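Chain nomenclature is as follows: A, B and C, assigned in order of appearance, with residue numbering initiated at 1 for each chain independently.
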Amino acid sequence: MRSFLGRDILSLKDFERHDYMRIFQVGEELEPYARDRQNGELLMDKTLVTAFYQPSTRTRLSTEAAMHRLGGHVVGFSDPRMTRAGDFYQESIKDTVRMLEYYGDVIAMRHFQQGAPHEAAKWSTVPVINCGDGWGEHPTQVLIDMFTIWREMGTLDGLHFLLVGDMRMRTMHSIGYAMSKFDISATFVAPPEMSLTEEFKEELLSVNLVFDEAETTEEAIADADVIYMEPVVQADYTRSRVEVEEDRGLTPAAYRVTREMLRDRAKSDAIVLHSLPRMDELPTDVDDTRHARYWVEAYNGVVIRMALLALILGAAE
Amino acid sequence: MRSFLGRDILSLKDFERHDYMRIFQVGEELEPYARDRQNGELLMDKTLVTAFYQPSTRTRLSTEAAMHRLGGHVVGFSDPRMTRAGDFYQESIKDTVRMLEYYGDVIAMRHFQQGAPHEAAKWSTVPVINCGDGWGEHPTQVLIDMFTIWREMGTLDGLHFLLVGDMRMRTMHSIGYAMSKFDISATFVAPPEMSLTEEFKEELLSVNLVFDEAETTEEAIADADVIYMEPVVQADYTRSRVEVEEDRGLTPAAYRVTREMLRDRAKSDAIVLHSLPRMDELPTDVDDTRHARYWVEAYNGVVIRMALLALILGAAE
Amino acid sequence: MRSFLGRDILSLKDFERHDYMRIFQVGEELEPYARDRQNGELLMDKTLVTAFYQPSTRTRLSTEAAMHRLGGHVVGFSDPRMTRAGDFYQESIKDTVRMLEYYGDVIAMRHFQQGAPHEAAKWSTVPVINCGDGWGEHPTQVLIDMFTIWREMGTLDGLHFLLVGDMRMRTMHSIGYAMSKFDISATFVAPPEMSLTEEFKEELLSVNLVFDEAETTEEAIADADVIYMEPVVQADYTRSRVEVEEDRGLTPAAYRVTREMLRDRAKSDAIVLHSLPRMDELPTDVDDTRHARYWVEAYNGVVIRMALLALILGAAE
């Protein structure tokens, strides 16, 4: 079995069932640090380098929190504007990485360009974790999703997923690969201009994933064990809050999941995942239904990222 | 006596005399870490989460420095632009806090909206420290002010305060509540458009604070044991340094405290506090008079914030 | 011999040969932390304060990484916009430093204004490290350069340096002082508008540095043991990547060092240093020649900054 020691986490394409299970198992071993709110000393002698070329909250803070929970150190940048503003845009990934590799022991990178973490891994002598690369992948997010489903449903086999939202998003790519390793079938619901690319459909078919597409959440929700959501209305950071608020409520009903829909049509044990932040596709009155599992994802995020860091850095095997 | 373990620090409204004294006492117990410049290990197993929705220097760095002095870890953001730019403005406090609560053991929040830390505390399973909320309160700043006065004057009773500046500021609200718990009387001096709101005046009267208002610092300074200042000319960050410098000197004499005024009119043991940064309301030639006590506030800031963190996180009681 | 304990590192003007050697020696003693990628506990009880008034990547991250490698803590700001935006521009260095000094045990400052770290050191009770001050100096960068040359060439005496680029840059000032302490002669190549100032030439002559000036790299490269580069085309952060890319290739041939030039004209053991990031003055096909030594500088940066921090903070002597 391939060891995680020194391994780059770039894509879920090459993750096998036992890779998921190994991470989940180490996650449960390390979970007491998160549950009991007690930082340990497992990675006290290690430094995490965060290289976030795009703003992020959950992914960056969750990775850093995991490192701190294990007693580790963190250096890095959370926005390229904090660096020699724009230099990063003008400096090659190679030049940047051949600096960053000496500042710590593992690099967590988010980049606006697909493939940037792969290029980084090519040059780095320390492992690279892809924390989201453009339209590419978001492997750690989906490891957290899969762990959450595994814990909440007790299994990853024999499930049907309903995936709603912008299918071009990187999480959708990563979960496509993840689903194909388990006995999971899927229904995709997306606006036509945001639907699965033909290329990605081919790829999913070639790995024997059983899936179909539906036009509305409502017609597809009855069969779903897991409802996996991404926004279709993206936040627009160039406008004021008031302007954005006026635009809220713009998600067409076909791509929303409501409390009524869950009550009237969903399986009684269906669970809803959303990596957040949300726009109006997931109204807040879903929060206190038994279906909501998106809160626990922040907690699981720390658990799984502790597991990844410990495995990659040789503090667990 | 109410324990500080797990307690939110949102307002000084509900702080009793013994609460102040407990914090001051723990401050003095922990002070050697600051005085001897030696980080300890008291909070080594804990993580502070900083959620600063508005830029800050003193409050954020001082809180982080206190955590580090006790050996603790820090994660967070110091500017919402560093996060998924603007997401925070569009994401509810609830959604954000139900993520942040898993990243550490106490949340220190500054927010441009009054009441935001209270909303955060409603949802968080870890304690929330209000580090300034819009026009609301700034309880930790005023705990530091009161500690400074207590140490410098030897008591908090039998004193007369002269408060100068924009009375709508959050520190003015917090110190209003603080004064009312001690045998302190007050004179307020502010430009008419920045004077105490009728509502806040009612509140101060209802808790039996003895206070009056004066038109100029000069006429009121003779009775003051403590001169407590806030700027009335706010820094304007939308303009260049040169433009701002040209505008300097704009604070009307009535709201300034000068070296001459202190020499000619103030009590010989009156002390001047200012939470800084300052504009021109407090000329730099006051710095080397015996009245200046604003420098020691940065030091006391670390001492009191160590005490608060240790108390809230159960490392002191 | 003057001790480094509590010493400000503001300029290389007053650095003697034994100062360089002491730092190099402590660097080699501490190097195992970097080489073996194991954070130690030497500075566990200390906090580094970073005060970066200008964005930086290498200098800031390298200093922070060194502190973490020795188990230390870090607080600070990496961009004044993260603070009360612009306040720093309006607040005096004195006011700022008399706050920062209480937040840690050593201050690392980059500032857009020449002399700002000197002003900070005047008021601070903790030592100040100049991490680049406007057109002033960049002493730590040049300590790393000299260490790199010392390790790669085995000596700092009997060498000829070719310095190419904008001679008004702070690194050029620091390396001028550094060269004058060793048996080093120099040739400077710069565009006329970026050549050595008369004042600085006088200064170099007064300390007996033997140097001349040449018009092109090509004519001067044959004698060089060390080729030391700075860009002459500065990155322009006000423009888009595309616009900047269109402008690339603008460095005149006279100020570039190419693979062909190194093959045809340079000494076979000449080494090329560049503090990076680079524009087009140093094409990437030089990277895999035996002359390139700019990659190892990032590694040496952590080594030398560990040595400086340990010496200044009394963990080495």
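Things worth noting here:
Note that in this section a residue touches a chain if its C-beta (ideal position, glycine included) is under 8 Å from a C-beta of that chain, and two chains touch if they have at least 3 such contacts.
In this text the structure is predicted, and so the values were computed from the model without any measurement.
The rotation that brings the Cα trace of chain A onto that of chain B spans 120°, given to the nearest 5. Under half of the residue numbers found at the chain B and chain C interface occur in both copies, marking it as a different-residue contact.
Centre-to-centre spacing of chain B and chain C amounts to 39 Å, using the average Cα coordinate of each chain.
Shared interface positions of chain A, i.e. residues touching 2 or more other chains, are given as 74, 81-82.
Residue ranges of chain B in contact with chain A, taken from their complex: 44-47, 49, 73-77, 81-92, 94-96, 98-105, 126.
Against chain C, in their complex, chain B makes its touches with residues 34, 37-40, 54-58, 61-62, 64-65, 68-69, 74, 78-79, 81-82, 235, 237, 241, 244-245, 276-279, 284, 295, 298-299, 301-302.
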